[in-house]
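Some structures to go through are shown next.
One chain, subunit A, appears in both complexes that follow, with subunit B as partner in the first and subunit C in the second.
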Partner chain A sequence: MSTTIPPQERPRQAARPDRPTPARNRKTGTGRHSQRWLAWVFLAPTILGMGLFTLIPIVASVVLAFFRWDIISAPSFVGFNNFAEVVQDPTVRVSFLNTIVFVVVAVALQLGLALALAIMVQEKMPAWLRVFFRSAFFFPLILSAASVSIFMRYLFNEQFGVVNWLLSLVGIPAVPWLTTPGGSAAVVILVYVWQNFGFSFLLFIGGLASIPVETYEAASIDGATGWRKHLHVTLPLLSPTTLVASVMAIISALQVFDQPYVLTRGGPGDSTRTAVMVIFESAFQRLEFGQASAIGVLLTLIIMAITAAQFRLSKRFVFYQ
Partner chain B sequence: MTTTTEHGLASGPTPRLSAGLPAVRTNRRRFSWNTALRVILLLIAAALTLGPVLWTLSTSLRSPSESFKLPPSFIPWNPDFTSYGQVFQQLNIFLLVLNSALVTGLIAVGQMVSAALAGYAFAHLKFRGRGALFSIVLATMMVPVQVTIVPVFMLIRGMGLSDTLLALILPAIPTAFGTFLMRQYFLGLPTELAEAASIDGASPWRTFRSVYAPLAMPGMAIVGILAFNFHWNEFFRPLILTISEQNFTLPLGLVSLQGNLGTGSISVVLAGVVLSMIPALVVFMFGQRALQAGLTAGTGK
Partner chain C sequence: MTGAINGQLRQITRRTALGALGVGIIGASVASWPRLSGTDIPGRGDNSLSIAILGTAADAAARQRAIDAFSRIHPDIKVKVQAIQAVDWKDFFTKILTMVAAGTPPDVVYVATEGAQLFAEKLAHPLDDYIRRDAADMREFFSDVHPSLVEAFMYKGSLYQLPMDWNAANMYYNTTAFAAAGLDRPADDWSHLDFRSSLAAMKKARPSDFTPYYWTNRLFGGVVPWLYANDTSFLKETRSTGGDWLWDGFYASDPSRSLRSGGYQWLEPNANDDRVFESFDYLRGLVKDGLGVRPEEGGGNSLVGLFASNRIGTTPAGGYWVQGLHEAGMAEDGFDVQFFPRWKTQRHQFGTAGYAMMKTAKDKDAAWEWIKFSSSREAMELIFPNPATTPARRSMVNEKLYASKGPAHWKVFYDTLDRFPTTGPIPAPPQQAAVETALMKNVSLAVSGDEQQLKQALASMQRDLEIALRRQP
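Let's look at the complex of A and B:
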C-alpha cells in the first residue's frame, strides 16, 4: 500500500481489500462444495424415508402381484394368475363396480353441491354471515371419517335414528337405511359427501374469487341475469378449477375405505364393499398378499388412467383465460 | 336441524337485510328477495352440516338411558356428564389420547423438520439432479397409501417394529406434499437474503439456520397443522399396523368401543367421539386459515 497513509489508518484500509477474498473463495470453490454437501444432508431424511417407505414398496407391490405369498411359507411365482383370479372373483368384481358407482354419484353430488353453495356464498351478503357459512361448510373436513361414521350410524338407525324421525315428521315411513343394499349404499354416499364437499367448496371459492368483476359487469350490460350469467360466464371461466376439483374428488373417492368399513363393514352382502376394502380383506384377513397387491396395482392403473383422461379432456373443454 | 334453521331465520339475516337496504332504487326490493332466498338455502345447508355435530354433542350430554329418546336434542339444556364418566371406565381413554398425541405430535414435528430441510435444498441449494429428484418426490404423491400398505407392513415386520407406535410414525414422516409446500415457501423468500449472507461470509448452513429458517416458521406451521389434522383422524394405517389395544389410537379405540357396545349406550360412544374432536376443534379455531391455505396449496390457484 501507499506510504502516505498514516500508520493508524492502515489496518482499516488493508482490511477492505482483504475481506472479500475469503468470501469469494467460498463462493467459487469451497462454497459450491459445501452447498452440495449440505443439500444432501438436508435431503437425507426425506429421500431415505421415501425410498424405504414409498419407492421400494411401490416396486415390491408390483413384484408381489406376480407371487403367491401368505407370509408363512415361501413365496412362489405364479405369473399373471393373481390378476386372472382377481378379475374373475365375484367379490372383487362387485367391489370395483360398487366403487365406480360410488365415485360417479358421490363426486357428482359433491361437486354440484359445492359449486352451488360457493356461488351463493360469493354473492352479496353481510361479511360475518359469509364467514359463518364458509366455516360451517369447512368444518366436517377437520373431523375423522371414523368418528363421523360412528355418529352417522346412530343418526341413520332405522328405529331410533334422527333421520327417520325427521322423515316421519313429513309423513315418510321409516327407511331401512343400514339393513338394505340400496339404503346402505345411499348412507355411505351421503356420509362421504357430507364430510368432503367442503374441500371442493374451498376450491370453488378460490376459483370464483379469481374471476374478474368486470366480466360480470360486461355480462350484465349485455343483458345476462341470474342463472344465465352463471351459465355463460361463471362456468366457462371456472372450468380450470372444476377440472382440478374433479380430479382430486375422483382420486380420493376411488380410495374410499373408512366410511363403508365403519358404517356397514361392506354389507349387507357385498353391497357396500369397495376396492380398498377388498385389498384390506385379502391381505390382512385372508393373508393372500399377492392377490391384494394385484388388486392394488389394478386400482393404481385405474387412478392413473382417469387422471390422464381428465387432463386430455381438459385440453378440449377447459377454457383458460 | 329444524330448530337451527328456524332460529337462524328468526334472528339471523332477515332484520339485517331490511335494515341494510334503503329503498334507493326500485329494483332493490326484488334483489333483497333473491338474497333472502339464497340465505335461507345456505342456512339449510349449514344446519345440515352442523346439525349432526350438535346432535352428537348434546346427545353425549344426555344420560345413557335417555340417549335413545326422540325427539332428539340439538342443544344440551340439562347437561348430564354420566356418559363422560363411563367412557373413561369402558375405554382406556388416557392411553388412547396419549398414543394419538404421541403419534400425531411426532409425525407433525418430523414432517415440519424434514420438509423444511428438503424444501430448502430444492429451493435454494444447487446440486446435480435437483429437478429430476424433485419430480420423483412429486410423483410419489400420486400413489395411494393403500397400494403400498402391504410392503410397508412387511417392512415394518422385518424391522421388528410391528405393533409399535413407531410403525405408525416412521413411514409417515417423509412427506412429498410438505416438501412441495416448503419449497414453494422458500422460493417465495427473496434470494437477496442468501446473497447478502454469503457476502457477509456466512456458510450455507448459517445462511439457512440464521436467515431462512426463522422466516420459514409460518410455512412450517402449515405443514404441522396439516399433518396434525390428517394423522389425528387417520384410521386405515392404525387399523393395519397396530394389533394390541395398548397401541390403538383414538379413532381405532372409538370404533372398537362402538363395536363392543352395539347400539347399547349411544351417549357413551358419543362422549368418546366428542372428546376426540377437541384437538381438531382447537385447530379449527386457531389454525383454520393455515389449514385452508395448506389444503388448497398447489391446486393452480
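Let's look at the complex of A and C:
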C-alpha cells in the first residue's frame, strides 16, 4: 500500500504554462486580505474553543503547579515545593509505579488479544459473522466505564459474586478478587482490557484488510504456511497500524481512572492506585490543587516522553509499503 | 451585470454567504450567551435562598411540602432547593467546593458529620448569635434533642449546625439466622466475645452461601465502632473548651451536662495504639475463621439486598436501614436490632447531619429562618415521613414511625444515646477526606493477612494519618 508520493513526483499544477491561472490567484492585495480575514472568521470558533478549553487550562494547570491553592483561600506562590513534595510522597511514587506496571500488562494484553481476534475474525469467519463480531467486540467501548465497573464489582464479589459461584462449580474455592493486592490488580486489568480491546481490534481489522492478497499468495509460493505467514507477512505489513494502536493504547492506559476508582478505590493499600487517581484525590478530596497540577505536569511529561520514544523506535520497527 | 462580472460575483457571493453564516453562528452564540450564565443556577440571579442537599431531584421534590409550609410563614423569602447527586458525603462536599470556586455557592448546605468541621473551619457561619437571639423558640428543640448530637456540631466553642437526623452504628441481625442457630436475642450488654460465639453458631448452622458478619470499609460502620467499643480510635480525640453558653443555656439540668465541651478535636494519629492493634486483630480473627468478610473499600451498595435475602447474619447499621429493608421486602419480624457489642466500653459511633449557613449567604437572616423552621417538629415530620433515617428529635422516634416495618426493638436507636452518653461522632477533622483515605486504604490489608501484615498496615496507617493531619484543610 502506497500512501505517500515522493515530492519529485508530485504534480506541479501551478507551474504548467498551458493551464490558466485560477482567478483567485490573480487577486489584488485587497482580495487576498479579505480572503485571509474570511479564513480567520472560519477558524475563530475552533481557535476560541481550543484556547478556552484546552490551551488556557493547560497553561493554568502548569502555573497552578507552582502555587498552593485549596479553592477557598487565595493561592500562594510556593515555587517548586509542590514538585518536591510530590516526588517525596510515597503514595505518589507507588501510584506511578502501579501505572507503569498497569500500562505494560494491560497494553500487551489489549494489543495481543485484539490482534489475535482480528486475525481470527478476518481469516476464519464468513463475512456476515465478521460484522457481528466487529460490533460485539466494539460494544464494551461505548459503555460507561463507571457503570461497567459497578457491574463487575458485583460479579467479582468474594462471597456472592457470579465469578466465584462459577469457580465453585468446578471445585475452586472463593477467590478474594477485590480484597487482595494481586486479585484486585488482576480484576482492574481484566475489566480495562475487556472494555478497551475493541478499539485496537477495529484498527487491526482495518490494517489486515489493507494487506494485498497477492502478498500472501507470494509467500505461499515461497513455501510459507500458517503462523510463518503471519510472522513474516502480516506483522511487518501491520506495523504502521500497530504503532498507531500502541500509541493510543499506552496514552489511554496511562490515564486509567474509572476502573480502579470504582472497583477498588485504589486498594487494598495502594495496590491499584494510579497516577490519575492521585491527581483526583489531591485536587478534589484533599483540596491541594497545586500538588494535583504538579502530578499532572509530571504525568504529561511522562506521556510525552513515552510517545516520543515510540515514534523514534518506529523508524526501526515500522515498515511502510 | 456582465457575464464576466457575474462569474466573479458568483464566487464572492458564495464566500460572502458562507462568511455571513459563520458570522451568524458567532452572533447567535453571543446572543444566546446570557442563557448559559450562572443566572440559571438556582438561587443566583434572584434573591432566592439557595439550599443544597445531597440527593436527587426526587429528594428535592420531597422537600417541597416543607418549602410550602415555610413559605406560608415567610412569604417574603423565596426558597430554591438544589439536589446534588454524589456517591457519598465526600463527593458531595467536593461538588459544593466546586460551586464555591465557581462563584456560585449555595446559601445553606445540608452537611453531615463527615464535613462538619471542614465547613466550620472554612465555609460556615456560626449560629451562636441567632440561637441566643431566638433562645425562647429554640428551647423546645434542644429539650427534644440529645446533647451528644448537638455537641457533634460544636467547633471551637461555637455551634455551626442544628442536628436534623442521625444514625448510630447499632447491630442488625437476621432473626431467622439467629433462630436457625438456636440463638436468642442477644443481651443489651453482650460482649465482643458473645458476638463472636453467635457468629460461630450461625456459621455452623449454615456453612455455605451465608456470611455471619458483613461489614464494609468505611468511616461509618467499618472498623471505627469496634475501636470505640474498645475505648480507642485511630485518631486521638480531645475536646475544645467553650460552648458553656449553649450547655448552660439549654442543657443545664441534663445528666450528661458535665461531659459536654466546645467540640471534638482530632489533631494526632493514634493507629499505633495497642488497643487499635487489639481491635484490628479481633477483626482479623473473624476474617481468618470465615466469620466475617474481608471488607471491600467503600462497599455497601449491595448490602441491603443481601441482608434482605437472608444471606447475612449481622451487620452494623443505623435507623436509616429500616426503610430500605422494608422496600427490599424484608418482613418486620425478619430482622431486629441490638446495641453494638461491649468491649472495654459500649460507646457507640454515630453520624448526624443538619443545615450549615454559609459565610457567603446573601441574606443570613433568611438562612437562619430556614434553619430554625427546619428544626421544628412540623418541618421535620414533613421531611422525614418514614424511617429512612433517625430523626434528631427524640419524640419523633416512636412506634408510629416503625409501625409495620420493624424492627421490634426500635427503641434501641435513641436509647443508644441515653444509655451510652459518651457515644461519639465519626472522627472527622477538617482534613476528613485525607483522613478517611488514609484509614480505608489500610484496613483491608490489616485484617487480611498475618500478624506481621497487620503491624505493617497499622504502621502505614499511622504514617498516612500523620501526612493527612499535617495538611491544611
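Please note the rule applied: the second predicted complex is superposed on the first by the 282 of 321 C-alpha atoms of A that agree within 3 Å, B and C clash if a C-alpha of one lies under 4 Å from a C-alpha of the other, contacts with A are read in each partner's own complex, and residues count from 1 in each chain.
Heads up, the rule we're going with is that contacts are C-beta pairs under 8 Å (C-beta built on N, C-alpha and C of every residue); 3 or more make two chains touch, one makes a residue touch a chain.
Being a predicted model, the structure only gives us computed values, none of them experimental.
> With the two complexes overlaid on their shared chain, look at subunit A and say whether subunit B and subunit C clash or fit.
When both complexes are placed onto subunit A, subunit B and subunit C end up clashing with one another.
> Quick check on the superposed pair: does A:268 touch subunit B, subunit C, both, or neither? Answer first, second, both or neither.
So A:268 only meets subunit C here.
> Can A:45 be said to touch subunit B (first), subunit C (second), both, or neither?
Touch partners of A:45: subunit B and subunit C.
> Scan A:176 for contacts with subunit B and subunit C and give back first, second, both or neither.
After superposing on A, A:176 lies in contact with subunit C but is clear of subunit B.
> Does the superposition put A:286 against subunit B (first), subunit C (second), both, or neither?
second
> Name the contact category of A:124: first (subunit B only), second (subunit C only), both, or neither.
A:124 sits against subunit B, while subunit C stays out of touch.
> May I ask you to decide whether A:154 touches subunit B, subunit C, both, or neither, giving the answer as first, second, both or neither?
A:154 sits against subunit B and subunit C alike.
> State whether A:240 touches subunit B only (first), subunit C only (second), both chains, or neither.
In the superposition, A:240 contacts subunit B only.
> Spot which of subunit B and subunit C makes contact with more residues of subunit A, would you?
B
> Check the residue A:307 against both partner chains and state whether it touches subunit B (first), subunit C (second), both, or neither.
After superposing on A, A:307 lies in contact with subunit B but is clear of subunit C.
> In the combined picture, which part of subunit C sits where subunit B already is, 61-69, 295-303 or 313-321?
295-303
> Let me check the overlay on chain A: which residues of subunit A are in contact with subunit B and also with subunit C?
Shared contact residues on subunit A: 23, 38, 41-42, 45, 71, 150, 153-154, 157, 160, 284.
> Would you pull the subunit C residues touching subunit A in the complex into a rising list?
Within the complex, subunit C touches subunit A at residues 7-8, 11, 15, 18-19, 22-23, 25-26, 90, 94, 97-98, 100-101, 122-123, 211, 214, 217, 293-298, 301-302, 306, 311, 431, 433-434, 437, 440-442, 444-445, 448, 457, 460, 463-464, 467-468, 471-473.
> If you look only at subunit B, which of its residues touch subunit A in the complex?
Its residues touching subunit A are 1-2, 12-13, 16, 20, 34-35, 38-39, 41-42, 45-46, 48-50, 52-53, 55-56, 59, 68, 70-72, 110, 113-115, 117-118, 120-122, 125-128, 130, 133, 136-137, 140, 142-144, 146-155, 170-171, 173-176, 179, 198-201, 203-205, 208, 229, 232-236, 239-240, 250-252, 254-255, 258, 263, 266, 269-270, 273, 276-277, 280-281, 283-284, 288, 291-292, 295-296, 299-301.
> Quick one: in the complex, what on subunit A touches subunit C?
23-24, 38, 41-42, 44-45, 70-73, 89-91, 150, 153-154, 157-160, 176, 178-181, 264-270, 273, 281, 284-288
> Looking at the complex, which residues from subunit A come into contact with subunit B?
For subunit A paired with subunit B, touching residues are 20, 22-23, 26-27, 31-32, 34-36, 38-43, 45-50, 52-58, 60-61, 64, 71, 113, 117, 120-121, 123-126, 129, 132-133, 135-148, 150-155, 157, 160, 162, 165-166, 169, 194, 198-199, 202-203, 206-207, 210, 226, 240-241, 244-245, 248, 251, 254-255, 257-258, 261-262, 276, 279-280, 283-284, 289, 292-293, 296-297, 299-300, 303-304, 307.
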